[in-house]
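Below are two complexes that have subunit A in common, paired first with subunit B and then with subunit C.
Let's look at the complex of A and B:
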């Protein structure tokens, strides 16, 4: 087998640059919801000492003085550019797996017979940069874990120009000998500490550890990782995204919320969004949960956090049923006198259409028009901004997110197109 | 066990499908002769966009390209995967912002306006010219 991992460089920050040539070589950061903290940063921002997760209010002044530019997250833009990158990659290989918003595994089996793999990597890089404006790096290896390791090498060492090919054993061992074990795909911080205690600090040391010992001390999952580091493919491509098991929509409020009325509005709004996602997945849910909490960083405030679930008689994907449930739930867990900062809705226990055990004693509510109505609402709202809402979702939405520094939605809104002279 | 006949399942449960153009309701007697000739309605995207992953829309401000039939407010369709050539209309980065001009590579590389009011912008030899795509169509609305 031969796999390539194509990974976008500082994805969110690079998206902000696609329509802004003036930001080339300028430090760029992207902020979390409500402009709370840094969630993505360009290489230049990293070089002037900005770190991931830093609170924005702390670095705001010094960052701007150094010529940096900050953006509120613009997920509409990021999603569109991600789709374009993936479409471009699909034209390069017959089999691929979209691993996340900014990463994809390509199956290069067969390609290695007709092209030099490193050359293929550079071509891939150039194609994506030209078509979409997104800089990417390419890691190539005989297993997915080694492709991931190659991508780490491409990121870490600029001499590689963003392409590393680990087809050859001695190159694999050379890179692994200088790669911290915590950087290996599938090794989290807990596992890393455990391995460090055993004296395993590099990827190579992990690859050379006795496989029986790994299985005894850890799990089959780490055993697979070790086999993959040794070049035996154990993890295949997942070409078809697995159906979701649950859908969560939650947001931090733009400002603290105290009344049941406004928290209900916010929760109804999240519920409507969650129901829309559920229909997009072509699933029906049976369990609806609502949660809300206060701000744990406001030490002067009384703290409260709670979650409650409701089980519906029959699975549904009708927004009206879900709103009925969330309304009941939020009324039950809401408490007066607290400053709420976050709330959310979770849908779970999914069924395919028509596949569930109905209750003999409860007559199934038949609403032949439900499906058509939801389909129509989704169609109208699908054209961009939300146009049809349930009254429960509120109109002014004073609790909604604040994104003061958001860039235009260049590719998804006619009013936001790039203007050229 | 007693079985009660409640009635036939109603045929009204199946709403009419959305069908483009021409289709008449089938009546007893003579079917519509047009039924076999239904086609998808014409789609402008199909005509204008060859490579969706690499195609963007931008809006024009100003009159520097009027002689190429690109007016103020026109929407341009830009394909980043098309290779720019001599005389292509391109989107290029000049002084940190994108501009729409005609690329000329002979006798000297320059970005020319399509309006005699504006002088061409020459690119010096050591200067890098960043081209962000080729304009493949312009939409003017009247």
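Let's look at the complex of A and C:
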């Protein structure tokens, strides 16, 4: 087997640069919802000392003085650019797995017979850059874990020009000997501490550890990682994304919310979005949960948080059924006199379409034309901005997120289309 | 308190009591069983405040009267690991229960028997007398269909219905229902219904003797008590109205299918290997004298099996949860089994051919 991991460099920050060539070599950061803290940063921003997760209000002034540009998160843009990148990659290989919004594993089996793998890596980079404007790095290896390690090498060492091929054993061992064990795919901070205590500090030391000891001390998961580092593929390509087991839509409010009406509006809005996601997954849910909480950082406020669930009689993906449940739940959870800052909706217990175990005492509720109606709503709203909403979702939405620094939705909204002279 | 008893004579009393004592107790003493030696009788009591069992081991030599409570789990584990013919000595000594046998000595921590809560149940009505084996059979034939932790709390139990000289047990979780009836009992009642909680049903079916031993069933509005030779079992009843189960029986044009029980059982077990773990669905396709079972799962795996049956109705396709069908087949005694179908959308009825006193109704699953 030969795998390639194609990973976009500073994905969110690079997305912001695609339509802003003037930002080349300028420090760029992207902020979390409500412009809270830094969630993505460009190499230049890193170089001037900005760190991940830093609260925006602390660095705002100094960052601007140094010529940096900040953006509120623009997930619509990022999702669309991601789709473009993935579509481009699909043209390069017959089998691939979209691993996350900015990463994909490519199956390169057979490609090494036609071309040099490193050359293929550069071709990949060039194609994605030309077609989407996104910079990517490519890590190649006989297993997914080694491809990940190669990608680490491509990021860490600029001399590689963003492509590392670990097909050969000596190259694998050389990179692993200077790669901290915490950088290995599947080794988190807790595991890293355990391994460090055992004297395992590099990826190579982990690869050379007795497999029986790993099984005894840890789990089969780490054993797989070790085998993968040794070049034996244990983790296959997942071409079809596994069905989600739950969908959560939650947001921090733009400002504190105190009335049941506003909370209801916000929760209905999240419920509508969750239902849309559910339909996208082609699933039907049976359990709807709602949660809300106050701001734990406002010590002067009385604190309260709660979550409740509602089991529907029949699995559904009709927004109206989900709104019925969330309305009941939010009324039960809400308490007067609290300053709420965050709320969310969770859908779970999913069923495939058409599968239904009937019950003697509960009549099956089928809404006539439900499927057609939801399909139509999704189609209208799917073209960019949400145009059709349920009245419960509110109109002004004063509680909605604050994103003062958001860039235009260049690729998904006609009004934001870039005009060239 | 001081007594001597053979392990064989006390072990089953302790195991049954331990099953009733709370495992994850809120009140610590409910994890204990009470041992009381009085006159010539030793009594072992355990309760979770909903169900209670009092039993009296036979052949006990009581040297000193007294009572105490001790961990049910530990006593049960000890009994399990002792040799069968061992003679056990129990003695309460300075707050510890000293248990000894030939080479074994142990001191158990105790809690005062005065703090042990017991269900006090009063019954004014005449008892219903019947064979223990009959009631055991009734429970075994139906209890698997009870709901578990359903919000419809009245389904988390078993309906006992007395009417005239008959007695019926009904259990349903909403997806399947089991009904078993007894006739010609030596009592005569107006129609009365009681719902026995799930735990009581499960424990009772374990402790009832399979022999033809007479027992007395006493009922009032809130409790049931069953008195047998050396045991008194009591349980609270579930307050609530059990749904009208008569309405659950399918009606309309029926098509009967007759099949060898073991053939169908083994074919379903094979299909279940490749059925979806979540839905457990299996498709029944019926044509003249031929049943085809199909099961598949999200991994696109598929199993199909054809079985010869006796069926002359119109072609039919219907889906079921495999477990519901298998559970019903497991309690049917006859070699052949009859399934009555009432169309694709309606429930089906399973029974021994021509036996209407034990029937199973299973709702279909749309696949």
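One rule holds in what follows: the second predicted complex is superposed on the first by the 421 of 421 C-alpha atoms of A that agree within 3 Å, B and C clash if a C-alpha of one lies under 4 Å from a C-alpha of the other, contacts with A are read in each partner's own complex, and residues count from 1 in each chain.
One rule holds for everything that comes next: a residue touches a chain if its C-beta (ideal position, glycine included) is under 8 Å from a C-beta of that chain, and two chains touch if they have at least 3 such contacts.
The model shown is predicted, which means the values in this text are computed figures rather than measured ones.
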With the two complexes superposed on chain A, say which partner A:311 touches: subunit B (first), subunit C (second), both, or neither. second
Touching A:355 in the superposition: subunit B (first), subunit C (second), both, neither? second
Once the structures are superposed on A, label A:243 by its partner contacts, choosing first (subunit B), second (subunit C), both or neither. second
Just subunit B (first), just subunit C (second), both, or neither: which does A:258 touch? neither
Going by the contact rule set out at the top, does A:22 touch subunit B (first), subunit C (second), both, or neither? first
After overlaying the two complexes on chain A, where does the subunit B footprint on subunit A coincide with the subunit C footprint? none
Sort out for me which residues of subunit A touch subunit B in the complex. 19, 21-22, 83-84, 87-88, 91, 130-133, 368, 372, 410-411, 417-421
Mind listing the subunit B positions that touch subunit A in their complex? 13, 15, 51-54, 56-62, 64, 75-76, 80-81, 91, 93, 96-100, 130, 132
Subunit C to subunit A touching residues, read off their complex: 151-152, 172, 174-175, 177, 243, 248, 279, 281, 298, 321, 347, 361, 363-367
Interface residues, subunit A side, partner subunit C - complex: 243, 311, 351-352, 354-362
